[in-house]
Structures are given as C-alpha cells and as structure tokens.
Amino acid sequence: MSLIKDLFTNWSVWRRPGYFESFDYSWGMVIDLDRCTGCEACVVACTAENNLPIVGEKRFSENREIKWIRIERYWSGEYPNAKLSFIPMLCQHCDQAPCEIACPVSATYHNQDGLNTQIYNRCIGTRTCAVYCPYEVRFFNWFSYTWDAPLEQQLNPDVTVREKGVMEKCTFCIQRIREAKDHAKDDGRRRLREGDIQPACAQACPTKAIVFGDRNDPDSQVAQMASDARGYTVLKELNTSPSIVYLRRVDQEHV
Amino acid sequence: MSVSVREALGAFKPAAIAVGIALAAYIAGWVAYEVFFPGTAPVQPIEFSHVIHAGDYQIDCQYCHIYAARSTTAGVPAVEKCMGCHKVIATDKPEIQKLTDYWNSRQAIPWIKVHDLADFVYFPHKRHVQAEVACQTCHGEVQTMARIERVAPLSMKWCVGCHEEREVENGRDCWTCHK
Amino acid sequence: MSANIIGVYQYADDLLDAAGRLKASGFDEIELMSPIPLHGVEKVLGPKKSVLRRFALFGAIVGGVGGFLMAALSAIVFILPTSGRPIVPWPPFLIITFETTILLGTLATLIGFFFSANLPAWKDRPYLPAFSDNRFGVHVGCDEDAAEKVEKIMLDAGAEKVERVKT
Amino acid sequence: MARKKNPGSKLSRREFLALVGTGTSVMAGAGFLTAKFSRRPVEQLIPYVVPPEDYIPGVAAYYNTVCNLCPAGCGITVRIREGRAKKIEGNPAHPVSQGGTCALGQSGLQVLYNPDRLQTPVTRRGERGTGDFHTVGWNSALTTVASHLDKLRLANRGAGVGLLTGDIRGHLDDLLIQFLGLMGSGRYLQYAFTNPTNLYSANAASFDTAQLPYYDIANSDFLLSFGADFLGMWVSPVSYSRAYGDFRQGRREGEDKGPRRQRGQLVQIEPRMSLTGANADIWVPAVPGTEGALALGIAHIIAGGAGRFAAALAEFDPPRVAEISGVEASTIERLARSFGDAKAPLAIGGGGAAAGTNGVPNLVAINLLNHLAGNIGREGGVVFNPKPAFGRTGMQRHGSYLDLLAFVEEIADVDDGVLIIAGTNPLYDFPGDERLVRALQRIPLVVGLSSFMDETMQYADIVLPVNSYLEGWGDDAPEPGVGMRVASISQPVVAPLYDTMDVGDVFIRLAQRMDRDMQRAMPWPDFHAYLRNAWRRMYDKRRDKLDYVDFDAFWTAVLEAGVWGETRRASQRNEFHAQVDYEPPVHAGNDVDYPWYFQPFVSQGFFDGRGANLPWQQELPDPMTSIVYGSWIELNPRTANELGVDEGDILEVSSPAGSLRAPVWITQGIRPDTVAMPIGQGHTSFGRYATGRGANPLSILSAQVDSRTGAFAWGATRVNLTPTGERIRFVKTGGWSRTLDRQILGPRSGETQEGGDHG
Amino acid sequence: MSERGQPSYQEVNDAVLPTMTTFTWRYWTALSISVTVMIFGFFAPWWYQLFVGVGAAGMSRAAYWGTYLGNFIFWIGLSHSGTLLSAVLHITQSDWRKSIYRSAEAMTLFSLITAAFYVMVHLGRLWFVHWTVPIPNVMGLWPNFRSPLMFDVMAITTYLTASSIFIYMGSVPDFATVRDNATGLRRKIYAIMCFGWRGTDREWHRLGWAYTFFAVLVIPLAVSVHSIVSWDFALSIVPGLHHTIFAPYFVCGAIFSGTAGIVTVMYFLRKYFHFERYITEKHFNNLGKLLLLLSLIWSYINMLELFTGWFSGSSFEIEALRFKLFGFYAPLFWEMIAFCAFLPLVLFSEKIRTNFRLMLWISIAINIGMFTERFLIVATTQPRKFLPDAFSFYMPSLVEIAITIGSFAVFTTLFLVFVKVFPSMSMYEVKETLNLPTRKGART
C-alpha cells in the first residue's frame, strides 16, 4: 500500500527522464585519436582483465569473437595518398542507451555511477540489447567457452566467467571501480579521487590515448579534455549521449 | 436420461487416485532426502563443534577466521592454527586425532562449504565486519551449533532487504553484489 | 419438487408454443433445449438479464488498473533506470495496461459465463441426447401432482413424446 | 490407499497391491534422486596446512619484474591473487615502459600458463627433427650433459662447447661467459634475426659508439622515419609509443609538462605501410632499399651545396633521387624544407631500410640527416646512452647471420662438439638455407634449454625445460635505455608451475656435477644467490652514493620497485665521421622472372614468431588488416588487377630460394611493385596454437646479407606470384573499411560536431 | 448456404462427426510423417542447441537475431487469420464465416503455440525464461515492463489465452453433440469437456453474449499483438527497422498471410473431409477478394517503406535498402515482391477466385512470399547497421533450417490432432444458417 501511496505522491518524479544527471559519479572516457596508434595493447589487456574467452579460429571466422574493445580501421583515399585511421570501439556507456530499454528482465540498466551495466547472471539471452546497440559492442556467448589447462589459472577471480547464452560487454572494469571504492572506504574517504581507477585498456595504453575519469567532476581530466575543440561523440545523430568522447585525429595535409 | 460432469469425473477416479499416490510418493521421496541429507547442515570431515569453541570458550570469531576484517573471504583457519592449541589440548578425543592425522600427513581438511554463494556474487566479509554487522546476522547463532547449519536463505531478496533496512549506500545497485 | 418432465419436439415453433402454454399455466421452471440458439425465446418466457456484462466490465477495469499498477509498482519496487527514460513512463505501460485489460476482461467473461449459465453441471440435469442433434425439448420441474397436467400441455402442443426423468 | 476392489480390473488384490507398492517406491526413489541431483554440487573449503606469510586470500599482491618477450626490457607489474599471476601491467616507475605495455607484453601470462610448455626434461629417441622424445628426470639429464662436458674439459677440448642464445643481458650473461671460460671455450653467440646489427654498425661508423641511441621522439617536432616501425615492434615499441603520444599532443595534463609546443609531424618512408606509416601524416612509398638515396637527396637540399659533405652529396639532386627511389622530386623537396625548417627534426632508420644488402650505408645516410640537423645529443634528437651498469652492449654480444652459420659449422667440425641452445629459435628465423640444418645434424650433442618444443628444439638431443620469465630470477639493463643508466630486476612472481629451472640454475647445477674445479669456481647454491651476490658487488661499489642502511635494504627496495637507475647521461657527441655514399640494393632474383620486391615484416602480435603460440596473440586482429589466425600477402589493387586476383585468392609465392602459398590481401598501403607478408606464422612445431598455421615468409628468402656486417638482409629478395585458383575466406574482425560518409572518425577538421551535426 | 440441396441437421452431424472418428491410412501416414519430422526436425536440433548453446544456429555478431525471430513473426502473422477474422465476421454477422471459422481459429492457436516455441528456441538461457513472468520471486526483482519484449510476452500470453478461450467456448455445444453420439470413455471425456452442456435457452443466451464479448475484446487485441511484434523491431534504431510504418505494415502482412493460410487449410478440409456442401465457391471468392485487398495495402505500405528509406538520403537507410534490394538476398526480395505484390493481382478475376486449385497455389505462394519477408527483415537489416567496420553477414545454419522445417511439422501435428479432437467445422453454427425446422416450414 505504501508503494501505491509512494507512486501517487511521487508521480511527477517517477515520470521525469534524465535522472542520471544526479548520479554519484558519471564515469567517462576520452580517447585521443591523435595519440592512438592502433597497436591493440588495450585489446589484449581487456581480454586478460575480463576473462574474455579464446574462441578459436572456426568460431572467430563465424564472427563469434568476443572483444569488448576493438580497433576499427577506416581507409580513405587511394594509393599513394591512402590513409588509414584507427578508432577504438568499446561500450559507450550511453546515458540514453538504446540497449537498456530492450532487456525484458532488466539485466542491463543504468547504475548510480552512470555506467551501462550488464548483469550476467540475470541475462536470459534474448540478444535484443545487442540488436539495439548501434555501436556493436555487445557480445554474446554463443557457446560455453573453456580454457586449455592450465590457462584457466590466469582467470581474474573478480570477474565472472560467463556461461553460454549470456550477453556481455565492456564494464569500464567495474571490478576495479569496486575495489577502488573499497580502498577509499578503508581510507575513510567518501568519494574517489581522480586517478584512483584505471580500466585495463587505459592502463595498458602505451601512448596514454585513453583517459578515464568522472565526468561529473569539472576539474577532472576527462571533463576538461571532453571540452576540447577536437571532441566529438560517435554517431551523435542517434542521440545516445555516450560517455566516451573521442578527440578527432588531426589531419595535417601540408607538412 | 440426464447429464452432468460428475458422472464422467467418476470414471477418472482410479486414474486420479493413481496419479495422486504417485505424486505423493514423489514428494515424500524428495522430502526424505532433504530430511536425511540436509543441504543446510552437511556432515563435515571432522565433527568440529562451534558450541565448544565459540560458545563455551568464547573464542572470538576472528581469532580463527582471521581474514574476515581484511578480505572478501573470512578464511578457514589453516590446519596449523588448529594444531596451535590441539597439540596439547584434548589430544585423546577421536576427532582431534583425525585432525592430528591431517596435520601429520600435511593434508588440508576438506571442509564442506555451508554458506556457499554463487560464483557471480561478490560478497566482501570485510565491509560487513567493518560495518559492525554481527556474524550471527547471516550465519545464525553459531555458538550454539554443534554442526554448522545454514540458517539464512542467502537469497537475493534477503540480501537486498538487509541493505535496504540499513540504508546501505548503493545497496540496491546490482553491481554492488554481482560481478 | 419431485417431477421432471421433458417434452420432445420436432419443430421449433411447436416448442415455443408449448413453452408459452406452460408459462401461461403458471409453471416457472421451464427450460428449453435445442441444438442451436433459438430466437424468440424471450418473447415467450420473458426477457433475460445476465450479469455477464458486469463481469466483463469488472474484469477489464481490474485488469487495466492492476496491469498499470503491476508495471508501475514493479518498476518502483526495484528502481533500475534504463535509457534515460522515466521510471514510470506511461506510453509503454499503457500497452501493458491494454493487454492486461483484455486478458482479465476475457477471463472474467469466462467466469461470468460459467457463473451465469450455471455451468459446469455438477448435479445431474434432465436431458436427452437428441437435443444436440435435431430435436427440441422443454423441461419443466413441478410437483408430482401437477405432472399429468404438464404432460398434457406438452402433448397438446405437438410433442413427439413426453418423458419423466429422475435426477 | 489401495482400494479393496477394483471393479473394472482383472488384477487380483495381491497383484494390485504389488503394483501400487512398486509404483510408490519407484516414484519415491525418483523424488529422492531428483532432490539429490537438483542440489548444487557441494563446494569445499580447502585451507592451507601452513599459510604462507603475507598471504590474504581475496586480496591482490603486485610484484615488479621485467618483460622478456622482446629485447626492449620493459618493466612490468604483475598482479597476483591466491598465488597465481592474473594480469601484467606496465611498471609506472620503469623509465622504459612508464606504465604502458604492448599487446605482446600483455600476453606474457600465456607464456607462463601455456598448455604446451615443457614440463620435464626430455631426451631424443628417434631421428633428429622428428620430434620423438621421451621424458627423463632432471638428475639423469643433467648428469648426461655434465659428464659430456666434463669429459671434454678434462681432455682440454672444452673449446668444442658452444653456446647459442637469444638476447641475454645482465648478470646471466656474465654467468654464461664465466661458465664457458671455465670450460675453456669462447664460443658464445647471441642470434636473432631481429637484432639491429646494422644499426649498431652504422652508429659505430657514424659516431664511434656501437650502441642503440635513445631517439627522443617525444621532444622532437618533425620526425622523418625511414622504415622504422617504432610503433610496431621496432627496438622498443612501448617506450617509443609513449614518446609518440607526447610527440603528437604534448604531455598529459597533471604530468610535468613542458611548454606546449606545436604538434609533432611524422613522415614515414617505406614501401609497405606499417602501423607507423598508418599513423604518419605523410606516407612516402619509396622503392625498397633506396631509403639511403632519399636521405642523401634530402641532405643535399638541406646542405645546399655547402659544408663538409657538399662533394659527396653533389650528385643526389632531387631528379636523380626521384628516379632511384620512385618518390616525386617535389615531395623530396617538400620533406627537405620541412626537415630543415623544423625546430627539432629527427631522422630514424630501421625496418626495411636496414634490411637490405645496403643496410649500413642507408643508416649512415640517415645519421647524416641528424648530423645536419644538429640534433645529436640534444633534446628531441639522438641521445646516446651511458655505459650500462653491468653487462655488455649488444654490438659485443650479437652475432650476424654469417657469424651464426660459421659458429655452428665450426662446432660441427670439432670432434665431440657440444652445442647448447637457449632462448632462440634460429631454425624458424632462418632463410631457406639448408646449411644450418646440415651443420646441426653433424653436431654429436645438442642441448636445448627452452620452455617450448620449437623448431630448433626438434634437433636437440636433450631438452631441458626452463622457467618462464615470470617464474625465475634475472636482471636486465635495457637497451636502448632512455638516455640514462637503468637496471631492473626480474623476480619470480609465482612459484614454478612445473619441474623447471632458470637458465642460470641449469649452468650452476651442471658445474656442480662436474669436477672439483668447476664446483669451486661456481659455488652458488642457485642463480638467485649468484644474482644477489652480483648486486651486492654493485652496491658495494656505490655504497657512499646510495641512501640505504645496508645491502638488504637496497635489495628489498630494488625488488619492490623492480628498477634502479642513475641519472647519468652520456657525454654528448656531435662528430660525424663516416663516408657518405649510396649503395644500390641488391635483390636476389632478376626482375623478369621475379617481378616483385618481397618485404616480409615483423608483425605486431608475434614479433619474430615467438608470440605465435599465445592464443591471445593468435586472436589479436592484425592492426592493419584485422586478420587473425593466419598469414596473408599484401598486394596493391593495381597488382591484384594485373594478376586477376581478389581478396582471399591463394597465390603461389616463389623466390629463387623456395616457394609458399598465401592468400591475397588487397591494400592501398603498398607499392604496386612490392608485395609484403607478415612474419610470425608458419611454425612447424610450436605448440597447438601455432603449429601448421599460415606460412613463414622467411622460409623463401634467399640468403642475402648486408655487405658490411653479414647481417641477414631479409628485405632483399624478389618473388614471382602465380594464382593457384584456390580461395579462402579471411578470418578477421573488420567488415567494410570505408566510413561511407558516416560520422565515425569525427567531423572534418575545422568543423565542430555541433556544426556538422545533421541529426 | 444455398437453398439447393440444403442439408438437414442430421446431415450436418453426419458430415462432421465421422471426421473425428474415422482414421484412414492417409491420416496415419500424415500423422506419422509429421510427428517424425517434428521430433527429428524440431525437438532434436533444439535439444542439441540447448546443449551446446545458441551458437548451433547461424547467428553471429551484428546478426544477433536470425531465422528464429523471422519465423516467430511469420507464425504470429499466420495466427492473425483465425481469431481476428472470425471475430470480425462474427461482429459483422457474416454467415459465411460459420463453416470455416473453427479451423481458422485452430490455425491461430497452433501458429501461436509454434511462435511461442520460437521465443523459447531463440533464448540463450531457456532455463531462466520464467524471469519474464511477473510473479513474486526470491530475487525481489520483476521483469522490465519498459522493454518491447515484455510487451510481447504480455501480448502473446493474452492472445494465446483469449484465443484458446475463444475457440473452446465456441466448441462447447459441439462437444455436447460429440458426447451424445459417443460411447464409453470417449463419451465421458467429452462430457467433461462440454461441462454438461444441454443447450438450454439460458445457456445459449449466455454463450451468445460471452462469445460476442470475446469477439469484441479479441479484435483490438489481435491488432495490438502484431503491432507489438513490430515494435520489437521498430523500437530499435536499426536502419531498415526503425520505421513508424512498421506496426500497420506488420498487421496488414499478418492478416494477409493468415488469410492465405485459411485458404490453404480450407482447401484441404474441403478435399479430405468432404465438406463440399459447406465450404463452397462463395468462401473462396470472399477470401480471394480479401486477399486482393490486403495485397494492395501491403504493396502500398512496402512502397512507402522503400520510398521513405531512399528519400531520406541517410547513409544508414540507403545502405540498408541497397543491401535488401541488390545485396546477397536480393533474389529473395524480388521473389517476395513477385509473390505478394504481383501474383495476387490475378485475383481481380472471379474465375480465378473460384478455382479451388488455383486458389490453393496462390495462397501457398503468398505465404512463401510472406515467409521470405520475415526472413529478410532480420537477415538484411542487422548485419548492416551503423559502423561499417562491424558489417557482417547472416546465413542460417543447418540447425536453424531443420528447426524451421520442424516447426511446420509441429503445426501440422497439432492440426492433425485437432481434427480428431475438435469438430473441425462448427456444427451448431452451420445448423444455424440452415432453415429452422418449423411446422409451418414443413407445411410449405
């Protein structure tokens, strides 16, 4: 009953979109494409951190690979003026994520940290979220994957190994965020500080092209870099409000 | 001539009774298993009694479960820890002799996990101990249990209910407990 | 009440005729049985009112309100924001509301039907198998002493045969 | 329950009761069993018998050590949980990696946990090369080797023992020299075809220091790279990638950043677009091997006919250089102007430019550019490293291709020669040259020290399994450094998984099984003790300068940090005294029968092939093509047209030395007269993930060498291509590689997104 | 029913009742074939897929939805024949409906069941499907009613419930007839199934009302069901799916394919159950007209979709369109246009509309076309979304093909069982269309 009362007294609140602006943190990334060299260290780092399976050649050839972060490559021009551009593509943690609405069992939703979550054990595998995702960064466990012994000893105990039929995707290394919060609490801090957290990709990046931080904090590096003139978000016309801002690669034709 | 359902239903009586008996037998078998082999209180390799240790001698939980305040796991005491006392105490008891055998053969005791959370659950003992949640809240009155028994359902609703009651920060966020 | 008399007719207009006469003779417990729905029964036996529509309406309203509340409350009971949409957005929840309206409306109508049609027949009721085929029948429940009168009226109206059934 | 009488049934009462009884018990049993099997399997809690010190389950520990997967020597931090290595990160305190890692470095865990690791010593049973081995104990394996060595030594024929290793630096190197010295042998060679032998040689010729200088890319503002894929796997990829980031966009906020300067510009000169070429502002496809001419052409314009080299440069006017290199004269002039105008220009050479028969002259010509720019020893230029804290420089250690061949053949010629091979796989790296295999076959005893049964180990008589770099002790003085003296320690981060030993331990144990003199000369219980001892000597030398209570404190601090360094810089040198001349490249095969230049390239994931057994690397899309699990041959669309082939068509690639088959990948990033192929696949024996996958381009190379150093010239072969009519579908991640005008790479420059938004 | 040769009540019974009790060798053959195909084509591959994972199907990255969902829409579409049509015609008091509606409704029910099977086949973790059901649970967590998939769950559940009730309630008087003509156990079963129906004036009156209520409730429901199915797709932002026209497009296509399905079933009932006197040219003629109308609407909407996609000038839409019209699956697209837009135009001719055999082939062709449409919706849009680097390709695997074939066997099996359990033609309603036997009538 109190719930019904609550519903009516707070009717306008429940009806107000855009609640995420009041979230504790709003984790975001800035990826400087002028620094990114496409070396793919981030890809392996992510694989190692998040227990991504080794799917094998056959399944890879069927497009069943699982790479939470991948490097997309786009050519422009013809030989000899050909140009190749790289762009790391990972879950954009959209504030208005098309995927979240799709899940019938709320396995994916937006949490207090402004993260687009994926709760593996809740997933029933309708794959709707992946269809709705314009960035193609959600991956499905078409099979239960195994590791040749003793490779399984490397698996990160902080991350669940997903079974067949489960959707997965970049979590911004939630296990690291959780650990950092835990340490902050141990130190008696309420809030995390800039630099407490680095996702595996950002940490591995040899050129430091990936910067991670809290977009809610105006002094943070991400917040400042996001306002760079080169900043843009991919597929902005879809109005998904991604948490990842890319800094355009500088085209310097006249050297 | 007359018509109704009852007469027809009567024809199915033997079938219904047979199905009923079968179902009852099935349920009885199920219940019997739960009664004779309770999953909540399995038989341990050594009849370790918390009544003696935690109850009678009032040994603090964290004296043996040493990691509880520091780590996600509370930690089962190493065999060395047990032997710390039982080299001298109660060495004549058969259960202690079992312990001594493990110690002498340098083997770990294969305790059976009673409070077994699913692999996708992240449960830090540390946070709960530091928040001064009594061990008994989740583990029951351990000091009165001769054999450890799972009292709490350890279901999600139960966890979240407590989080709610205590107004835990982000206590309802899935990623607080799932990994 | 102790006598149950059934009259069997080959023609529908005979049946209605018989029913009219029985009604006129003061018998209230008259049931007509036919292989198809008969029109014009109300003219003979008086108008029928059924509670069916109330069941349907009630079911639909309960379904509608309940459906919306189910959607809204289950969203509030465990708030999981999605896609920047409201927690209780009405357009999608109206779809749920619509579906539950129909669902409960249908189920209530079904219950209403059983309720108002006196089905299922738990107790034995007078009947002849020919009524599902090509014969029409009338059943009158009356006192033992009125039985002969009833049989007479039935036969007068052109009954093929008249039977007394035990229940 | 049971009815007394069942009217419709013909069952007797007894039968009926029996039936009911059976049915009931069967159902009850079924219920019992369902309950049993529907319950989650019991999990056990296994405590330690005696818990290790400082161990908390559920809490991660971090250990610093050194990556050993390429010669760069990056410092890494390994995350350990419950005694198992979980993740490798760059060590932020280490000046080489500065917290970053490369893709290959991340995969180091799969070296440790590789399912195909050798777990026990094995000895050969069948013919050499057949892979027929059986396991033996350490004791018998070591005794066999030790007795053999002992016999030779006592007969004063110890010189017949040779040691062939990969890139070994630091005190292990000293230990091996000592061991061989005690044997009375000087036969010790380090070989890997990726060793920058020509670069050492060219630097020796140009500046009199045979070392790899530190190219200060971060502080340069115009970088002219001749074939050096420094963002790929060239010399020290992590360090240079880090520098590249700063070169482009300055230091990150929050770090100590210098004055914000102009974005650095990168020009990459190479026939096939490498990862660095893809990131360059201008990619200049020059004819393979003519980079030197191009450098001289640029120097010609910069020098403007004046100075010491005027005469030598006179003939390299743009039109002539354009003719040689296939680069337009206007481009050359533009590059020269930009190079000359830049505040801190820098030229580096490597990769294909150094892999021709004229590698050294090419690199000398490139050094000349640096000299003309006056950037030697300056910030943003070529910075020379001080002498390493210990060990020898690469020039002293490395042997060239010809050296290796001579080395092995000499041992084969000795009676009872023994060859010990550790950490190198020349049979994979080698060109299609039968001489090495023939020589190996003649050596009576070949001992291999390896973690994997690779191609070379197939020819060994005894293979001793060694620790992976995450299980053993070691130290390292990275080369190139970062302009100052750096030393790092690698320590075991996990207990050895199998019955394996450090390379150093193997030699100490061998000595202990030999005669008294050897035992006395190598008295340490294990390599760890040796290492600690060596560092104690280092500490004793500097005791006054160092701020530690005693050696133990120093040692603990170094282990904790993983790195120790001194900010000592080398003296600046700006003399350039080499003869400048251009030597045209010589390619094996004439241009009629073999119309295409063949450029194998070191691939990002596999380095020289050693990464091919790591499943993460096999599943890592190639940065340029996104292909995984295979090799390919890169063709310009024009070439493909000419041959009438399409993507995935399999070509027969034949050179004077052999032939192989590879599928076609059509790319805009290669010259029409050149074809390229990645190195790394085509292993015949390297574990389940690598064996029999793709083709090895090195196997069809002619045995061309640099005319001065004898280094293997792997970019100096020509090939012919014949379509086979077969076809495969590439396994890759990428779909289409054009943006179709979609706003993916951002609005065009000069436009902000708000302006370009059409949604 | 025409006066000429009008059957008597008794003849109606005699025409229908034997179809339930006579088992010809033809029936047994058909049943055993369809059961075999169902087991080995549907359940065995499904079991295999449950065992290894959905990877047994041909779906992959980008093409996360495949044949299963295509088939799902197809079967949901097919289900729009019966209940909707029956209800509409009931409300509009079109008497010609009465001889065909029972089998049409059965089609609805069985295609819905088949469609529901596809939802399950599609799921990655079938064993947790109960999480989509709004019931209190130990997690304290409810389904997400904002998801179009939950609309689907609700809609299909409602539709399935309503349809079952609709067909069952309509059959109750006929069950009584069966009861009265049967003996032994069969009689007892039907006695229960008809609830002790006697056909009293009260029962008829209530049934009439209830039936009308059902009809009224079912019509908007049926429209909503396929709209909701279309929203599964249209609520995504996938180019080629994100169209506002999708709901009417789906509904129209659904009725189109459903009506064609009725024609097919009608043909077979008429042929094998000898319902020539009850299913006549009039039925084929009327349904032919309906098919023609629906085909025209369908073509119009299709044109709209293509036109707006092309005219938008958006790179996404144009690429999606290009792939659909000229890509790998283009032959299928043009086959669909031929079968669903052009072929039905011949129905302008009454001669063709009343030619049973031609109508059969046309109806089958239309359903092949509609099946293709559903396949194309999933196969051509998802592999070509937004990022060209992630473009891929979808090709059904053997498991998917087997399950597709098997699902037709599921439907057929259910239908074959149905004709022996239910009177496949509504006896009492057919009787209603006949002249009421009156003494007056007998005299004239």
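A, B, C, D and E are the chain letters, set down in written order, and residue numbers restart from 1 in every chain.
Definition applied: contacts are C-beta pairs under 8 Å (C-beta built on N, C-alpha and C of every residue); 3 or more make two chains touch, one makes a residue touch a chain.
If you're wondering where the values come from, they're calculated on a predicted model, not measured in any experiment.
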Steps needed, at fewest, to go from chain D to chain E via touching chains = 1
Point out which chain occupies the most central position, where each centre is the mean of Cα atoms.
-> A
In angstrom, rounded to a whole number, how far apart do the mean CA points of chain B and chain D lie?
-> 51
CA centroid of chain B to CA centroid of chain C, Å = 56
Approximate Å spacing (C-alpha centroids) for the pair chain C, chain E | 30
Using mean C-alpha positions as chain centres, tell me how far chain A is from chain D in Å, no decimals.
-> 30
Flagged in chain B as touching 2+ other chains are 3-5, 7, 160, 174
Give me the residues of chain D that touch two or more other chains.
-> 58, 733-734, 737-739, 742, 744
Find every residue in chain C that makes contact with two or more other chains and list them.
-> 75, 77-78, 80, 82, 85, 89, 120-122, 125, 127, 129
In contact, pair by pair, are chains A-B, A-C, A-D, A-E, B-C, B-D, B-E, C-E, D-E
Which part of chain A faces chain D closely enough to touch in the complex?
-> 32-35, 37-41, 43-45, 47-49, 54-55, 57, 60-61, 65, 67, 70-80, 82-87, 148-151, 153-157, 195, 200, 203-209, 211, 221, 224-225, 229-239, 246, 248-253, 255
Chain A touches which residues of chain D in the complex?
-> 58, 81-82, 84-90, 97, 99-103, 105-107, 109-110, 112-115, 222, 231-232, 237-238, 241-242, 244-245, 248-249, 252-254, 263, 265, 267, 273, 275-276, 278-279, 281-285, 334-335, 338, 497, 604-605, 615-621, 623-624, 626, 628-630, 636-638, 668-672, 688, 729, 731, 733-734, 737-739, 742-749, 752-753, 757-759
Note: in the complex, chain E contacts chain C through residues 8-10, 13, 134, 140-146, 148, 150-151, 154-155, 157-158, 161-162, 165, 169, 173, 176-177, 179-181, 195-210, 213-214, 217-218, 220-221, 224, 228, 428-429, 431-432, 436-442
How about chain C: which of its residues touch chain B in the complex?
-> 78-80, 120-129, 163, 165-167
Residue ranges of chain C in contact with chain E within the complex = 10-14, 31-38, 41, 45, 48, 50, 52-53, 56, 60, 70-71, 74-75, 77-78, 80, 82, 85, 89, 92-93, 95-96, 98-100, 102-103, 105-107, 109-110, 112-114, 116-122, 125, 127, 129-134, 139, 158
